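Two complexes follow with chain A in common, the first pairing it with chain B and the second with chain C.
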Partner chain A sequence: MNDMTERKLALSHMWVAFIAFILACFMGEYQVLERSGLIEALDSPTVYFASVSTHGVLMAYVLTTFFIMGFGYYTASTSLKTPVWNKNLAWAGFWLALAGVVIAAVPLLLGLASVLYTFYPPVQAHYAFYVGATLLIVGSWVWCGIMIMMFLQWKEQNPGEIVPLVMFATTMNAMLWLWTSAGVALESLFLILPWAFGWVDTIDVGLARTLFAWTLHPIVYFWLIPAYTAFYSFVPKHAGSYLFSDELARAAFIVLVVFSLPIGFHHLYMDPEQASGWKLLHSVGTFIVSIPTFITGFTVIASLEVAGRLRGGKGLFGWIGTLPWTNTMVLSVILSLLMLIFGGWGGLVNASYAMNAMIHNTAWVPGHFHLIFAGTTVIMYFSIAYYLWPILTKKPIYSNNLALVQLWTWFIGMSIMTTPWHVLGLLGQPRRISSVVYNNLMTLSWEPYELLMIMGGLVLVGSACLFIYLIFKTQFGATTEVYEAEVEYAESYHEVKDLPEYLNDIKLWNKVIAVLMFISFGIPILQFFFLDTYDSSAWGY
Partner chain B sequence: MHIDPLEKKWAQIVLAICAFFITIIMIDALFHSVNAPSNVETINSAKLHLSEEFAEDNLGVQIDEKGEITIRMVAGRYSFFPKKITVPAETKLTFRWVSIDVLHGVHIPMTNMSTMIVPGFVAEIETSFPKPGDYPVLCNEYCGLGHDHMWSKIDVVEKDQWQAPQITSKGGDNK
Partner chain C sequence: MSEVSEEERKKILESSPIGTWVLMITVGISMVIGWMFLYYGVFLPRGMIN
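The block that comes next holds the complex of A and B.
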């Protein structure tokens, strides 16, 4: 199969993702420096909040969405062994999303949209920011449509056959993203855009926050699923083994997708506009969605153990040493799981209905999501890139050893940066401040931790630069060597026979999600049309 | 469909862990009333000064005939008003927070006095402070470029040293 276009699609999307990433990394280091107050000349809330807003948008929306789209196009076409459906449409989606990014970037960089990446009303940004963000989402919907179309067409052409696990996961993610983004899309189209254009004077802040909370939790699973897909579909083969359980992997993806949606109110635990019964209901779902992560940890570690034993590892822990630690995919999954264990534990604290009051909106929260997103998730984006780049460019990786150094330094830097960040939260430091001006003795205890964070950030920036250097050198370096290989997906330890249809299709789960969403968001949204609510006018910042 | 016996065992352990956490949360919420602030009470944030409850001379600490203490606070860029209040330790306190402008959050570090203050709503919390001391009251949601400066003070004094504010004819207190 001539997969020129597929490779070009994947590379274009991923380059946008990683360029956004490296720009945002430098902003991150500037922010941690500015915030510490160490260099007086840097002190400026205006620049700081413009930078934080841009950093958040680039990392959380641009890096993720473009990486996921590029990864999805390539894995769909290689696992189903068909070309991407409607390539022109795929390119249209790419350009639409990219145009959205540029349109949003202009006000962000000019300081006209310093509303942070959560853009909570009634603080209002320049309307171009909302228009750009909306276009990015619409562009990503094109990708969702294409993934679901390819899934359905393949099933029609191969009746009774089992959809490859990687495609099943990607399609579930596309469906998840359509459901997830619906919340913020409703907020954007019906509340924010009319208000930002000045067609209406006021905005229902409680309703806006409720709709945003709909999106706010499942979005992190949208970002995480490519990492889990790599855990299940790439790691076993790289470690020299088999996937421990194909069926349970599918079950894990299903529970992850279904239960990540009706639980967004754990972001609203501290909000006065929703009643405690709804919050409790969402907190139960929040614990249920931790189950597939526990299962994933088990299945991936079991697959690694099989590999270690096949390579001669003996005893209870002997198999760990015999794993191929110099394989970037294997190293990254080990480091990723380590960060997941600590990050997941922190997440259980956030999820706990009452305990959350101690850490809500403190520095603990960005500490947590940097560990679990920039750590656990993004380190897998790196190793996926190291695996795919030679295949996509048909050139060997520039240096495997440097790639190993890059992964280790990312892990070390992330540990140095996020540990003190968590501690600062427990010591009461709020998350979204640009300097510490509280005239209180308590703040003295914060200083050493802020210095540690600067160190961690420096290591991370170095590691990020090395990553960009490596993929750049691989693609554009002067080598005559040609690398010919195809993507290989893990084989199952037990052969998969007679898979029940509910583990092979998305239709049933789509209906289950609809019911759960109606139960958990129906009344909480409708209440704003029955309560005597008072809307807010727009405020600058 | 094949499920390994080890996987089954692990799945059972995981279910037990989750059930354990959920049970604790439910018992605390349903039987000990440990709940997040969730009173769903609306108010017109643009007309607080005309409202009876949050008019200027009605803010701060008040004690009623039954000895119940209520603290009414207004959050606005960039402070919490009144800027300094004094409350007794080890006593049940009811805080009622409203915003005069945008979204704010308030947290008194090392305590569970934490809530979002959403314009259009009253955020009510019951709490008590076990230890006397000078605590900062911090805004923990980005509310504008001056957000860093949004904080005030709360003085928690020993229970027997606390002097109840005088009940005025309006039931107000503006110290």
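The block that comes next holds the complex of A and C.
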């Protein structure tokens, strides 16, 4: 199969993702420096909040969405052994999303959208920010449509066959994203855009926050699923082993997708507009999400254990030392799982209804999501890039040793940066502040942690630059050597001959999600249409 | 990397991943202990919000 267009699609999406990433890394280091007050010349709340908002948009929306789209197009095409369905539409989605990024960037960089990359009224950005974000989301919906079409067409052409695991995971993620983004899309369309354009004077803040909470948690799983996909589909092969269980992997993706959606109220524990019972329901759901994470940990580590033992590892843990630590995919999954353990534990603290009060809106929260997102997730984006770049560009990786250095430094930098961040939260430092220099005993006790964060950030910036350098040199370096290889997906040790349809299709789970979303969000949203409000009505009209 | 015999290979592939079980149980118990430490050791002693 001539896959030139698929390779171009993947590379174009991923370059946008990684350019956004490197710009955001420098902004992150500026922010931690500015907040510490060490360099007086940097002190500017206006620039700080513009930078935080741009950093968040670039990392959380641009890096992720473009990476996921590029990764999805290529894995769908290679796993199903078929060209991307409707390539012109795929390019249209790319350009639409890119136009959205450019449009949103203008108010962000001008300081007219310093809303901390959230959609929480009454904080309001320039309307161009919302228009740009909407175009980015619509562009990503094009990707979702193409993934689902390819999935359905393949099933139709291959009746009774088992959909490759990587495609099953990608399609589940596309379905997840359609459900996830519906909350913020409703919020933007009916509440924020009319308000930002000045067509209405008021906005229903409670309803807006509820709709954003719909999106806010599962979006994290949209970012995480490609990392899990690599865990299951790439890692065992790279370790020289088999996937421990294909069925367990599918079950993990299903529980993850189904239960990541109806749980967003753990972001609203301190909000008054929702009753305690609903918050408790969402709290229970949040704890359920830890189950697929444990299943994933078990399945991936078991695959690694088999690999280590096949390489001669003995005893209870002797297999760990015999793993191929110089393989970037294997190294990154080990580092990723380590960060997932600590980040996941922090997540359980966040999800605890009572204890959340202790860390709510403190520095603990960004510490947690940096560890889960920038740590667990992004380190897998790196190793996926190291694996795919030579295949996509047909050139060998510039330096495997430097890639290993890059992965280690990212892990070390992230650990140095996020540990003090968590401690600062417990010491009472609020998040979303531009300065910590108040000259009292409490804030003085924060200083050593701020210094550690600056150092961690510097290590991360260096690591990020090395990553960009490596993929740039791989693609554009002077080498004349041609690298010919195809993507290889892990095989399950127990050959999967027959699967129940619920492990091989998305239709049932789409219906289950609809029911769960109605149960968990139905009354909490509908109540706004029946409650008496003052000087405002539901939807702000 | 040392090669294993075909017999050993079969045995490895068919045996339960005991190291993984021990690791997962250790991680699970550590998370519970860590959670309880934070709840009983940090959160509750701070008392009511004044």
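The rule we apply is simple: the second predicted complex is superposed on the first by the 528 of 541 C-alpha atoms of A that agree within 3 Å, B and C clash if a C-alpha of one lies under 4 Å from a C-alpha of the other, contacts with A are read in each partner's own complex, and residues count from 1 in each chain.
We take it that contacts are C-beta pairs under 8 Å (C-beta built on N, C-alpha and C of every residue); 3 or more make two chains touch, one makes a residue touch a chain.
All figures in this text were calculated on a predicted structure; none of them were measured in a lab.
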| Contacts of A:396 with chain B and chain C, given as first, second, both or neither | neither
| According to the contact criterion defined above, which of chain B and chain C contacts more residues of chain A? | B
| field | Partner chain(s) touched by A:316 [first = chain B, second = chain C, both, neither] | value | second
| field | Contacts of A:244 with chain B and chain C, given as first, second, both or neither | value | both
| request: Determine, under the contact definition given at the top, whether A:145 touches first (chain B), second (chain C), both, or neither. | output: neither
| query | A:349 contacts which: chain B (first), chain C (second), both, neither? | reply | second
| request: Please indicate which partner A:341 is in contact with in the superposed arrangement: first for chain B, second for chain C, both, or neither. | output: second
| task | State whether A:358 touches chain B only (first), chain C only (second), both chains, or neither. | result | both
| said: If we overlay the two complexes on their shared chain A, which of chain B and chain C does A:83 touch? Say first, second, both or neither. | reply: neither
| request: State whether A:298 touches chain B only (first), chain C only (second), both chains, or neither. | output: both
| Same chain A residues contacting chain B and chain C, which ones? | 244, 294, 298, 302, 348, 352, 354, 357-358
| field | Interfacial residue positions of chain A with respect to chain B in the complex | value | 45-46, 49, 114-116, 120-123, 204-206, 209, 244-245, 247-248, 268-276, 279-280, 283-284, 287-288, 290-291, 294-295, 298-299, 302, 348, 352-354, 356-358, 360-362, 427-438, 440, 442, 494, 496-500, 503, 527, 531-537, 539-541
| Footprint of chain A on chain B - complex, ascending | 1-4, 6-7, 10-11, 14-15, 17-18, 21-22, 25-26, 28-29, 34-46, 101-103, 105, 107, 109-110, 112, 114-124, 134, 136, 138-149, 151
| task | Please name which positions on chain A make contact with chain C in the complex. | result | 242, 244, 294, 297-298, 301-302, 304-306, 309-312, 316-317, 319-320, 322, 324, 341, 344-345, 348-349, 352, 354-355, 357-358, 426, 493
| message | Touching residues of chain C toward chain A in the complex: what are they? | response | 1-4, 9, 12-13, 17-20, 22-24, 27-28, 31, 34-35, 38-39, 42-43, 46, 49
